Structures are given as C-alpha cells and as structure tokens.
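Next up: some structures, all given as structure tokens.
Same chain, two partners: chain A is paired with chain B first, then with chain C.
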Partner chain A sequence: MAILRDRELTDSAAVAPAAAGAAVGGAQTQSRASRRSTLVSGLTVLATLLVFPFVVPSVYLQNVITEVLIFGIFAMSLDLLIGYTGLVSFGHAAFFGVAAYTAAIVATRYSDNLLATLAAGVVAAGLLAVPTGGLAIRSSGIYFLMLTLAFSQIVYAAAWKWTWLTGGSNGLAGVPRPKFGGFDFSSPATFYYLVLVFFVATFLALRRLVSSPLGHSFIGVRENESRMQAIGYDVWRIKLASFVIAGLFGGLAGALFSYYNGFVSPHDVYWSVSGHVMIMVIIGGAGTLVGPVLGAAFFLIVQNVVSSQTDRWPLIMGLAFIFFVLAARRGIVGMYLDAVAVARAAARR
Partner chain B sequence: MNAQILSPLIIQILNGLAFSMLLFLLAAGLSVIFGMMDFINLAHGAFYMLGAYLGLTATQRLGNFWVALIVVPIIVAALGFALEKILLRPLYKRGHLDQVLLTFGLAFVVTDMIRWIWGADIRSVPQPPELTGAIPLGITAYPRYRGFVIVAGLVLAAALWAIQARTRIGAVIRAGVADKEMVGGLGINISLVFACVFAFGVGLAALSGVIAGPFLSLAPGMDAEQLILSLIVVVVGGMGTLKGAFWGSIVVGLADTFGKIYVPDFSLMVIFAIMAAILLVRPNGLFGRAVT
Partner chain C sequence: MTDLLRVEHVERHFGGLRALNGVDLAVATRERLAVIGPNGAGKTTLFNVIAGELSPTSGRVLLGGEDVTRRRPDQRAVRGLGRTFQKNNLFLGLSVFENVRLAVQRRHGVSWNAFSPAASHRTVMAETTEQLDTVRLRDRAGATVRELSYGEQRQLEVAVALACRPRLLLLDEPTAGMSPAETVGMIDLVKGLPPDLTLLIIEHDMDVVFALADRIVVLHHGEVLAEGRPEEVRKNPRVMAVYLGTDVTASGLVGADGVKLADCHSLADLVGGPPIEGERGALGP
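Moving on to the complex of A and B:
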C-alpha cells in the first residue's frame, strides 16, 4: 500500500517539473538537435545581455536589469532547495541578508576590495547555513518551513538590535561599489557587467550541479526520501549539502545586492523578502533554474511598472500569484512548454 | 514593601495572559485547520486584521462594541466558507504546499484591500463603556477591559474544549484529524466539514481581531506580527491539538510580555529560542502527534 502510494506520487507530481528541467536544463537524455537549440538560445540571451548597456543607454533600465540578475541568482539558489531537493524554505532571506550585512561591514570599515567583501559575505552565509540547515532538516514539510522562518526571524532580530554592528533600524548606509585591482565598478554599466559575470557563473555552476550525481540525489530526495534511504543514500547529508550550497549562492546574491543598493537594512532580512523570492521561484517555475530567473524578471519589472502607476502593487502581486498557483502551477516555463507542445501537435496534424 | 515588588509582577503576568488569550483564539483556528486539512493557513493573520478593522467600522457605525463582537466573526466566517469553496477546493487533489502558497497570495490580497479601504494610519477602537476603568485587586488594580479579555479567552477555551470533547461535531472533527478518509467512508460529508472547519477557524481569527481592537492598535503589519507569533504557538504546542494551542499561547504570550520588559532588545529572539529549544527536544511540539 505504502509502495503503491509512493509510486503514484512519483508518477503524478514528478514528471512535469522533471520534463521541464530536461527541456530547459539539458539532461543527458536530450536529443542532439534540442541540445543544439538550447545552446543557441542560451548564447542568444547571453549576447543580448552583453550588448544591452550599449544599446540601451538608460541608467534606470540598466539598474533594473542589474537588480533582475541579482535576484535571479537569489531565486536560482532557492530553486535548488524548493525545485530540486523539495525543501520548501521560508527563510532564505537569512543568507541573503547576512551576506549583505557582512559585505557592507567589511566594505565600510576595512576594505572595498571585491574579493575581500564578496568572500566575507559568502563565507558568512555558509557559516550560518551549516548549523541552521543541520537543525532545520531534522524536521520536514511544514515544520521545516516554520524552522527556516524562525531562524531567519532571529537573524532579522539580530540585525535590528545589534546596533553597534548593524546600525539597527538605520541600517548601514554608504556601502561603496567594489574595486578590484585597477578596476572600479562604480558606473552603472561596469557594475552591470560585474553582476552579469557572477550571474552567468552561477547559472552554469548550478546547471552543472543539478545534472551531476549529487544533483540527481537531490531530485531523488524530492521524489522519494524513504526509498533513497532504503537504497543506502545518506539523506541527511544530501539535504545539508543542498541547503548549504543554496545558502552560499543566496549569500552571493546578498553581497552583490549590498553593493548595488549601497545600503543594507533589517528589511533585507525580513520574512517578506523570503516570501518574495519564493514567489519568483513559483511564478517562474520551480525545478527549472531558468524559470526562477524569469520569475525574478517578471516580479521586478512588473513591480517597477505597477508601483509607478498605483499603490496597489501587493494586491496585484497577490492576485498574480494566486493565478499561477491555481492555473499555471509549473510557472512561466511550464506555460511556455505547454504552448510549444500544442504548437508542435498542431503542426504534425 | 512586598506589594511594591509584587503588584508590577502580577500586572505583567495578567498582561501576558491577556495577550496569550488573543493568540489562543488565532492559534486554535490555525491548529484545527492544520489538523483537519493538513495545511498552514498563511492568510490567518490577514483574517485577524480584517476582523479588527471590520470591528472598528461596526463599532463606529452601530455605536455598540458587543454587536460588532457577534456580527464581525460571522461575516468573516462566511467569507472564509466562500473562499474555501472557490479557491482551496480545487487544490485538494494536489500537494498541501499549493494550499500554503495560495493562502500566502491571499494574505497579500486581503491586507492590501484593508489598506485600500481603511488607509495606513494607526487606528484604535474605543473601549466599550461597560469595560472602562479598573478592577481593584486588593494590593493593586487592573484595567477592566484586559480582565475581560482574559475571562473571555478562558471561557472560549472551555467552550471549544467542550465542543471538541462532548459534542457530535467535535467527535467528527477529532475523527477527521485522525483519519479523514475513514470519516468520509463512514458517510460523513467530509468536504462540507472541511469548509465549515476553515470558516470556523477564520471566524475565530476575526473574533480575536475584534477583541484585540480596543487593546492593541490597528495598523498595517499587525497581521504579520500576530501570524508569526501564532505560528510559533502552534509549533510549540503541537499542530492539530487544542490543548497544544492553549498551553503554547500561554508560553508564547508570557515569554513575549516578559521578554519585552527584561530583555527589550531580544524579546523576539527569546521566543524563537524557546521555540527552537522545544522543537529540538520534542520535534512535534509539546502535545503534538507525529506528522508524516
């Protein structure tokens, strides 16, 4: 009975995101033609992003796209947890925020060197992810969600109260754009390219990861934890690895965000930030890597457009989110794949 | 001399208990919904907030707090019943995560509508004239309205316990928490029970909001604050049990009140630390059943 139920679960819930992942992410089973088309579309997107600052001189738009790329990194890191390992974290802002604060503290007090600030931020996020992840993955489902929320709220309270270190409610202002060797990333366009480099590196690294044996074991845990355990995998370690890697990349996004914004405040660690990045993952399509980036783009661009017109952005975002949960659970990527499938079927007929 | 030390302590304990009772009403609804339907209603705080603002309007328009206390929870419960049928029902076939996500979106919609209608200013509800002033307690005195909150909370807790333990409806709900397929198999209309449980839980949240009106102030953000505390209550006490919601509320309400006095900088951390400590020792909360 239990086995039967497990198999049903695998069949119904798993195939959709797995199929999306295969088509977009590039699993081994892909045909050569579709792999080539993935490569072509990837290179097209990359080329567009590379020439973007030359074609669009607007500083405002360059900043918007920079922000999209930063949150794209953040959303991809959460997708590793939600979409691939099946761990729904509601406290991912903790790593983003801790890295943002650490990078800001190092940059304002000691050195605005790119490597120093970035490494400090990412290491801080990793150091936080090991114990909190180790504790949180002892439980699962709703309890996991609650524990991650609780840990992130502790970080929020610390950011709010440790005034001597974090500036308390005033936050830390005047975070400089980083320098590296002779390079100074202070102009919007140079900073855009810096973020783009990290974005592409993150995307390639995570794509590589999810098609590696470790990545497959993440998916195995998502699909059927007890079976993975029965086969002999150390599920606890797999989950911890996923949690820490997600935390490190979340930290990378946080450190980049502190340079981008020039300002870090307790708001950046608040649970609403965890909620927003989760919305990006779901709207874009969990378990696809590309989807969460599209989700981040959709979220931030619509937010920019809507909030310049009306104060009702939370209402519109809430309704959009409800629509995706009810009617398009596989997100933007899922809608696209469905449309492609319909078009192909029509062409064949 | 003793009275000087003792009376602030008594007052703080009573303040803690009054706050605990507000949390209990929220957490009881959250817990019953979770026990029955296996998902966390992240819009629970939004319904609490809706109850508080509707209570404000009803008290102002009707000039009577007591009518608001009865009418508002019924209106919000009816809304909950409709939302369950329209939005949550289609998701039963899918995982519980989708329901959690849906209520998260719903929370944004409801709180932003409230902000739209009532604005973002801090509002307060006048205390009913019968409950202004203070109750003499020998060595000290205590605000009458807060005393009412404590008594009302205890009475409602007793009533909920009686419903759960002594009535047919309570038996159906307890059976549903234990094994809903079996309850359905016994010929009970389980989807109607689900809708009623959701409506009832949401109504309790609104009741908590109406009671909170003259006690706490009304402002955007009140939903998230109270939602997080009541989630902690449910996790500390154990999901799906009324007993857990009650004792969890007492623990969190007192910890919050005393934390704010003795370690004002770290009151939130105190509560989360207590929660983490309890979960490490008892992963399913104080009175929780194992969740698979």
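Moving on to the complex of A and C:
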C-alpha cells in the first residue's frame, strides 16, 4: 500500500502546474513548453521503434522487443487499476489468459483472421471482467486482492480441466499468426509492426483516458473513496468501469501473446503471471503508464539475459524487486524524475 | 410548510446503546439550523444518518419531500445534499483545483467522458475557478492539499462541498481545530454563502453557533432536549441543567469567553452574556 501512497506525488507533480496555469491564467507558456518536450520525446521513441527492425536484423531481439510491447500493453492495463484507481488486483492474468485461449481457439478452429480472433479474445476478457469485477469490488484492500486471485485461479482450473476446449495440460499448440485482408503477419518483423500499432494505440487511448474526466474520477476514487461518495459519485460503478477497461486491454495483450507464442497453456493463466505483471508495474512506477512499460522491458530483458546464464533468474529478479520496493518506491520513472529534479537544482545553482 | 429536510422519529442503536432515541427534526428551506449538545449526545450519529453514512434502526429521513432513508450517500448528494467533514477529508495528493473540479465535473455530468481531456471542458474549468474565488483559495489553485495550512484545508473542505451546489449543506464542526483568527474567517465565509442555501451545522464552538444559526436544536442522550431561537435556547432551564450537569463537565465544552463549562455558574457565562450576535471580542484580532 505504501507504494500507492508514494506514487501520488508523481501524479500531482505532473498535473498541478497545468491546473494552476488553467486556473490563474498565467504559466500557460511553461505548460506548453513541457507539452512540446513530451511530444518530442514521444516521437523520438516512436521513430526508434519504427526503424528498429531495419537497424537490428536479429530475429531474437525483434522477438524480445515484440514481447516487451505485448507485456507493456498488459502492464499498462494493470496500471489503470493499481496506479490510477487504487485497486490492487492480483488476478489480472485471468483476462490475459482467457483472451489468449479464446483467440487461440478461434484461430485454430474457425478463422485466423486478425479482427475475428482479436475481437473474440477481447470480448471474452470483457465478459469475464464484468461479473468478477462486479463481485470483487464489493470488497477492498487485501480482500479485493484475494478475490481477484481466487477468480483467476478458477480460470486456471478451468483451463486445466476443460480438456475438450483448452487441451488441458497439453495446452493449445499451433496457433497461427493472424491474417488480415490477404496480408499475413508471419515474419517476425511484420508481426512486430502489428504489435507496435496496438501498443501505440493502447498507450494513446489510456493516456487520453487518465487525463479525461473519467480518468480523474478513477484518481479521485484512489485518493479518497468516501469523499467521492459525498460529492455524488457512484464509486462502485467507477471502479467497475476501471476494472472492465483494464480487463479489455489485458485481453488485447493476451490475444497478441497467443499469436506471438503460437501456444497457450494453463501456465499463462497461473497466478505467477499476475505476479509478474504486478512486479512490472511496481518496478516501472505505478500511476505513470510509461513506467509499467519500462518495467516490462526491464523484467523481460533481465529474464532473457540472466536465464541464458543461469537457471536462477527469479532470484536476480527478486533481488531487483526488493531493491525497488525498499529504495525506489516510485520505480524507474520515479528515479528518473528525481534525477531530473537534482540536475535542475544543480543547474540553477 | 416547505421543509427541505425532515428527520422523522429516527432511532439508531449500537448494540445496547441507543445513540439516537427517536429524533424528530425539520429544516425549512433557507433556514440555518445548528445542532448542539454535549459529547455523546448523538450529534455525529444524527449527522451520519442524514448524510447516509449510517442507516437508522428505525425512522425516516426525507430530503425535499422524498424518502431517502435507504439511499446511499452519493445518491443523496445527487439529490442536493452536500456535506463537509469534521476531520478534513480531501483528495490529499491532488491540487486544490482538482479537488474542486471533481465536484464540479460530477454536477455537469461529464464524469463518464473518457475521450476528451478534462482541461478541455471550459465550463467546468471556469466554474472551478469561480468556486475557488468564493472561498478565497484561487491563488492556491496549483498547490496540493498537503501544502495547505490547516485553515486553508478547512476552507477547501467547504469549497468542495459547495462546488456540488447543494440545496442543503451539512457542516460538521466547520471550525474544529481552527485558530481564533481562522474561526473568524470561517464564520465570515459561512455568513457570505448564498441566502437560498439551507444550512445544518453541528458545532462545538458556541460563538460560531450563535453567530450563524437562526435556530438551535439541543440534543441530549439521543433525544431532542430543546429547540428554538438562540436566545430562547440560552434561557431554557433544561438546557442549562444539561450543560451544568455532570455530562457537561466531562465534555469539556468551551464557552464564548473561553470559559470551561465546568466553571460556568449559569448559561449566561457559557454563552458569554448578552452581546452574542456578531460578537468578535472573544475571538482575538
């Protein structure tokens, strides 16, 4: 919980100047300048990602970055819950897994059309999020966490037992890369671009969401539920909206993952997947959207690099996690903001 | 009779404790009513029942003629009931501006808009600024709640409630914990509220009560002991007995001149003698 408290500082630091500028009518130029620098750095990152497959011909690295983008979507969707709405869900793998299975089933049995598989996966995740979210958000804190964990373990049990649908312990193999209008995304580079499109779309949509009135309602719930009620918000509906939106985007990540991996197994719905994505959010910096993407990159790169050297990569990741929780609670983004603040203070002197 | 709020024979029990034991109360439109009483009299329970935080064991609460007994706090807020909290209950990590904007955007019905930036809703932005003006917090708009002084936080507490444009505003000890100077500021602020706003105030500070209320209800052991205009209540022998009895000594209420209730020999001591209306002498600068 302390993690959540800390993260509020980043948020208010980011929004307060804009609010003050709008309110007082001054300081507009500064917020415009900071908006421009955000745009420039965003476009730089986008350009880098666009030329990446040309510059780096390694299929291995292209696959790693594709996985980072997929888990980046997944981590951003959880950040909406943990970072913005203050709902610490420990069952987010349920939506990822249900969408992965649904997309895989549709792709292997009916059609490998991109839109059909993707829509089926995302809709399945949303349909699961409505009842499980509706029940889980009746409780809060540790009870909410345990309920989300329980629901995701039910999905895990179903994936294990419903062999006729899910292949049971064998999983579903041979999931093809999707096709769209005669174009197929089977090469690593084309699939990378497909994932990149969805990643950028997700980032922009969620960024717009968290700056919208609804996003502010989420933040209000995170900050103070009882006050939100007192000023007329139906807190239950706001939490449900957040939960379902997070479930839909988590489902998008899951569907993309099933194409990427070509194989879905009960392991992809297991609670450890929920734990991994939560670690990504916390290491990167909850409540920042960008942070969880960096957390996903950190997690997957460490996993890839360290696991090629030793089987004990979870130990290394665990130590890194302990470091962030103890010494850098605002995550990678928080460390960056602190460094910038120190540099600015030094420059002023 | 246009009663904006009616509390009809409300009881609320906590186990064997009858915190409210059949309270009847009516607040007329535009009235400014204060509820006073020693600690443990049931004031806070009554407040919570009216705001919807607690449901009564029996009895009804009517807002604008509609039975809202089973309504949640947010549903009552939408129906025009605003409230402040005794202990500041704000959005701590957000700026002053954002605290008020959350209330304004809800009333404008844009809270479910997920596609346009909050800053692009010009009427919401303008009204938020206007609201900050009325509580003299406009130059603090960009500060986070944590950066505010305690008194400023109390002002913001009122601003957030007012931003909902309530018909009935419940003020839960608006001057609790304030310095004398801040108390004067808060009294001015409340006095300057639009005259068509109906107020229900729970307050320990007798100066505040006598400066703001048209009518006073005295609660004791979960029952209405007395009610009437301030000067009637002040002279009421039953009220005097309650305030001078053992309950009072324990409560440690402080009268207008800083006199501990335990030291009072009559209610006149307690409320500070005749010049009550607009009395400032005891409040310092």
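For this structure, a couple of remarks:
Operating definition for what follows: the second predicted complex is superposed on the first by the 319 of 349 C-alpha atoms of A that agree within 3 Å, B and C clash if a C-alpha of one lies under 4 Å from a C-alpha of the other, contacts with A are read in each partner's own complex, and residues count from 1 in each chain.
The rule is simple: a residue touches a chain if its C-beta (ideal position, glycine included) is under 8 Å from a C-beta of that chain, and two chains touch if they have at least 3 such contacts.
All values derive from a computational prediction rather than experimental measurement.
Contacts of A:Ala201 after superposition on the shared chain: neither chain B nor chain C is touched. Looking at the shared chain after the overlay, A:Arg312 reaches chain B, while chain C stays out of its contact range.
Of the two partner chains placed by the overlay, neither chain B nor chain C lies in contact with A:Ala339.
Looking at the shared chain after the overlay, A:Leu145 reaches chain B, while chain C stays out of its contact range. Within the superposed three-chain model, A:Arg227 lies in touch with chain C and out of touch with chain B [touch as defined at top].
With both structures placed on the common chain, the touch criterion links A:Leu39 to neither chain B nor chain C. When the two structures are aligned on the shared chain, A:Val325 is found in touch with chain B, with no touch to chain C.
Residues of chain A that lie in the contact sets of both chain B and chain C are absent, per the superposition on chain A. The residues of chain A lying in touch with chain C in their complex are 8-9, 11-12, 15-24, 208-209, 211-217, 219-220, 223-224, 226-235, 238, 241, 245. The part of chain B that touches chain A in the complex is made up of residues 34, 39-40, 87, 90-91, 94-98, 100-102, 104-109, 111-113, 115-116, 224, 228, 231-232, 235, 239, 265-266, 268-269, 272-273, 275-276, 279-280, 283-284, 291. Contact residues of chain C toward chain A in the complex are 51, 72-75, 77-78, 82-83, 85, 89-95, 97-98, 101-103, 105-107, 110-119, 121, 124-125, 128-129, 132, 138-139, 141-144, 160-161, 163-164. The touching residues of chain A, counted against chain B in their complex, run 13, 88, 135, 138-139, 141-143, 145-147, 149-151, 153-154, 156-158, 161, 271-272, 275, 278-279, 282, 312, 314-315, 317-319, 321-322, 325-326, 329.
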